[in-house]
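Both of the next two complexes hold chain A, though its partner changes from chain B to chain C.
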Partner chain A sequence: MSILPPDLDEAGFAAFLSDLRVAVGEDWVWSSDTDMFPYRDSFSPVWNTPEEIHASSAVAPADVAQVQEVVRIAGRHGVPLHPISTGKNFGYGGPSPNVQGSAVLDLKRLDEVIEVNEDRNYCLVEPGVSYFDLYRHITDRGLKVMIDCPDPGWGSPVGNSLDRGVGYTMPQFRDHFGAHCGMEVVLPNGELMRTGMGAMPGANSWQEYPYGFGPDPSGLFAQGNFGVVTKMGFRLMPQPEYYRTGLIRVPRRRDLVKLVQHVNYLSDSGMVSEVRFASPLSALLGNPEFAATATKLGGPTDAEMDAFASAAGLHSWAIDLQFLGPEAATLAQWEYAKDRVLSDIPGAEALDGDHFALPATEEQLDNVTQPYPSAIRRRGALGVPSLGIWEIVRDDGHVGFFPVLPRDGEAIFELQRVLGDAQRQYPLPPYFSAVTAPLFWHSHTFQMVFAPSIKRDDPEHNAMVHRSMKHMVAVAAEHGWGDYRAAPIYQDDVAATYSFNNGSMRTFLEAMKDAVDPNGIIAPGRGGIWPRRFRS
Partner chain B sequence: MTTRREVLKWGAVLPALGTGWHGAFAAAPPNNALGLDAMLVDTRFPGALAVADAPVPVMQFAGDVTRVWFDELDARWRQPGFVLGGITGSDALFVLEVLAQHQGRKVISRVALDLPPVNGVQAVRWIIAPHHPSVTA
Partner chain C sequence: MKYLAIALPLSALALTASVSAQDEDPQVAHGRQVFEHMCAPCHGQGPGDDGSEMLPGTAALTEKYAGSRPGALELRNDLPAPVLSLFVRRGVGAMSPFRASELSDEDIAAIAAYLAEPD
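Showing the complex of A and B:
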């Protein structure tokens, strides 16, 4: 199956490929079916259907000058480019583009860790540097900084942060785009630009002051299509001396409201690393009577849930707390957290967890020493990249919808009820029930997860999943809960929900797109931003 | 195709596999021209360790490929050559395949083994070999 770029015939496509080969070398341009297979979205719910979007070709330049040349060639031939860094965006579209026939601009060969500075706590990396590469660079040299990595560790700081990915340490580091500081970008006309202090020749603070002077355009390159990022700086945490954990649990369903307020205080004061919320009542979901109550239309009453909790001798909610820093400071913070919550919520109790000096041993990383069951994945919590998360992948992968909701207990209850009711019509596991806990990934907001699996050999199942994704996005938006990140096949649906004042934000972004990328070369459609050429 | 000093055919490994494994491998087409530099075994599958005597290095892991890839394969796959055979779960193979593709390699043979799945995961026998000119020797 030969895929052509938009508006090109076979001869035009051949001329485009030939120009690319001259620019980057014969071996780094691909267009055959076999070579293009890895550039398909292997988690796609529209796999092998007419809705699946295929790239026509892929090109892997070796350096920034070649990236500029590729962008100019694409401009001359009118071929949309879909830039990827390590291309592992599974669950959000993988390496697949928004426009059929795009050429994937694979930046994996730009793989230099340019600098890690342990005195000023930052790094500067190219797009092809994975979290594993950065971790190896740091540990091989014994540098005293800690990275914040997402799961799985084969992704890249650049690619992950440009999709606003998340990790699992302190708030100011686990929002990966928020932790970036300074970028270098190839613009749609092939010109090179640096943001922040990078725009000032001779400045030595590119990775320390992100803004420079005047408007900061760096936000345009995250989930956007205004350029190809070729370097990015990130703030790093100084290697903490000590790690401590503790569990607090509360008896009643409505105690969640106060619990969340305490967590907000602890987190926004910089006292805790990622906090894991859970409901110990999840253990009862195997009981049909309890499951029916927890998922019932309109949601259960507090009294119904509390009755199950007290009959089973279980608490309603629990938080796994993690502290990073000097040993005495972690102890003081844990003592403070216990006092704060236990003195305010009747019946709350606290359990001391594991604590040890860093870096952790393999046994400690495996989290087999925690005195109570814990959902914390220690490697991620301590900035050690891993592929172990693959154990949660079911069937042939999944697609993800992660609505953003306020950090507020009442909002959690409302979302459980509304999205729980909305998903009942689909034969899927209950992603939203009265025991669903929020995820505290981004620094100052909660999210919940809807991630149905896909099955390559079951198109009916995939079609149902595809329908459910669109439906859930729409229902959530009616309540003000928006997706934070989406695969290309859902980006228009999601972008359409950010519609304040007749979609003035999208109109503004599309006006800018037309101005800086009049041929619509860079990732048309990404983030729901369409250049004039493709807008219809 | 890879040039290599030691050539080991899949056939040379078969006797080490025991009856069940032997049966599974016998069904596979022989890779006469292609030798293996090492083998990777997923110890979640009972009997997999029967290949421990193979006359090539045998690496082991249990489901999660992180350590074996980070400590061994990443460096080997950055150099030209290195043909790897494996008996692993299909989930681990997916992860390895993605990592291998990133480094110019491909799965050139893949056979589902007629063995009881472990936690719903199917055992697979496979070979990953260099493909891109930058890593073919």
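Showing the complex of A and C:
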């Protein structure tokens, strides 16, 4: 199956590939079916259907100058480029583009860790650097900084942050785009630009002050299509001296409202690392009577849920707290958190968890000595990349919808009810029930997860999943819960939900897109932003 | 000789590389290094995260083969480059395919040479 770029015939495509080969070398341009297979989204629910979007080719430049040349070539031939970094981007579209026939601009070979500064706590990396690479660079040199990495760890700090990915440490680091500081970008005309202090020749504060002077365009390159990011700086946490954990449990369903308020205070005051919410009642989902109650249409009453909790001797909600810092400070923060919550919520109880000096030993990283059931993923909590998360992947992969909701207990209950009811028509596990806990990944908001599996040899199942994704995005938006990140096949659906004042934000962004990328070369359609050429 | 102690603590990678690179065939040494970086975090020996008995890829293959073959790839001697290439380039189940920019054909051949070493 030969895929051609839009508006190009076989001869034009051959000329495009020929120019690419001159620019980057014969070995780094691909277009055969065999070579292009790994550029498909192997987690796609539209696998092998007419909706699947295929790239025509891929090109892997070796350096920034070659990236510039590739962008200029694409401009001359009118071929859309779909930039990717390293890692897999599973659940969010893999390497697949928004436009059939795009050429994937594979930045894997730009793989230099340019600088890690342990005195000023930052790094500067290229897109082909993975979290594993950065972690090895730091540990091999004994540098005293800690990274914040997502699951799985094969992703790229540049790519992950540009898709607004998240990690599991302190709030100012686990929002990966929020933790970036300075970027270098190849613009659609091939010109090179640096943001923030990088725009000032001779400045030595590129990774310390992200804004420089005037408007800061860096946000345009996150989930955007205004250029190709070739360098990016990130703030790093100084290696903490100590790690401490503790668990707080509350008895009643409605205690969640106060519990969330306390977590908001602790987190926004900088006292805790990622907080993991869970419901111990999840252990009862194997009980058909409990499962029916927790997933009933319109949701259960508080009394119904509390009765199950009381009968089973379980608490309704639990939070895993984690503290990073000097030993005495972590102890003081834990004691404060206990006093604060236990003095306010009758029946709440606290359990001391693992605590130890950092860096952790292998056994400590394995997380096998926690004295209670814990939702903590220890490696992620300590900035150690891993592929261990793969154990949760079912069937041949999954898609993902992560609605953003307020950090408010009542909002959690409402989302459980609304999306729980919405997903009842699909034969899927209950992603939303009365025991579904929020994810506190981004620094100042909650999310929940809808991630049905896909099966490459079961198109009916995949079609059901595809329908359910679109339906859940639409229902959530009716209640103000928007997706934070989406695969290309869902980006238009999601972008359409951000529609305030007749979609004025999208109109504004598309006006800028037309101005800076008149040929629509860079990732047309990414983030729901379409250049004039493809808008119809 | 295949380096069997790869439970893959990442901090130990530099040490294992420096020790075994001295007397290994260059292709085998390269294959071992690539395996450690690209394959072992999922297919290595040793425990998985947070109390899991095995790493995910090893656990999946252990379940798939049900004792007829080892789950850990380093305990296998039946993965020549063409077979390995098929799985790497096409993926299988939830295992992703890998692009040539990530793993070259030479890398795959080197991994196969490393895995073919006597245990």
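Just so it is clear, the second predicted complex is superposed on the first by the 535 of 536 C-alpha atoms of A that agree within 3 Å, B and C clash if a C-alpha of one lies under 4 Å from a C-alpha of the other, contacts with A are read in each partner's own complex, and residues count from 1 in each chain.
The criterion applied here is as follows: a residue touches a chain if its C-beta (ideal position, glycine included) is under 8 Å from a C-beta of that chain, and two chains touch if they have at least 3 such contacts.
Keep in mind that this is a model prediction, so the values were computed, not measured.
**Q** After the overlay on chain A, what do you see for chain B versus chain C, clash or fit?
**A** Result for chain B and chain C: clash.
**Q** Determine, under the contact definition given at the top, whether A:Arg377 touches first (chain B), second (chain C), both, or neither.
**A** The answer is second: A:Arg377 touches chain C but not chain B.
**Q** State whether chain B or chain C is in contact with more residues of chain A in the superposed arrangement.
**A** C
**Q** Please indicate which partner A:Thr86 is in contact with in the superposed arrangement: first for chain B, second for chain C, both, or neither.
**A** Touch status of A:Thr86: both partners.
**Q** Looking at A:Pro459, would you say it contacts chain B, chain C, both, or neither? Reply first, second, both or neither.
**A** In the superposed model, A:Pro459 contacts neither chain B nor chain C.
**Q** So, does A:Val368 touch the first partner chain B, the second partner chain C, both, or neither?
**A** Second partner only, chain C.
**Q** After superposition on the shared chain, which partner residues are touched by A:Thr139: those of chain B (first), chain C (second), both, or neither?
**A** second
**Q** Do chain B and chain C land on any of the same chain A residues, and which?
**A** 38, 42, 86, 88, 108, 132, 136, 153-154, 385-388, 390-391, 393
**Q** Which stretch or stretches of chain A touch chain B in the complex?
**A** 27, 38, 42, 86-88, 108, 132, 136, 152-154, 385-388, 390-391, 393
**Q** Can you list the chain C residues touching chain A in their complex?
**A** Residues 7, 9-11, 13-14, 37, 41-42, 47-52, 55-57, 59, 89-91, 93-94, 96-102.
**Q** Inside the complex, what are the residues of chain A that reach chain C?
**A** Residues 28, 30, 34-35, 37-40, 42, 58, 60, 86, 88, 90, 94-95, 106, 108-109, 132, 135-136, 139-140, 153-154, 362, 366-368, 374, 376-379, 384-391, 393-397.
**Q** Please name which positions on chain B make contact with chain A in the complex.
**A** 63-66, 69-70, 74, 91-92, 94-95, 98-99, 101-102, 132-134
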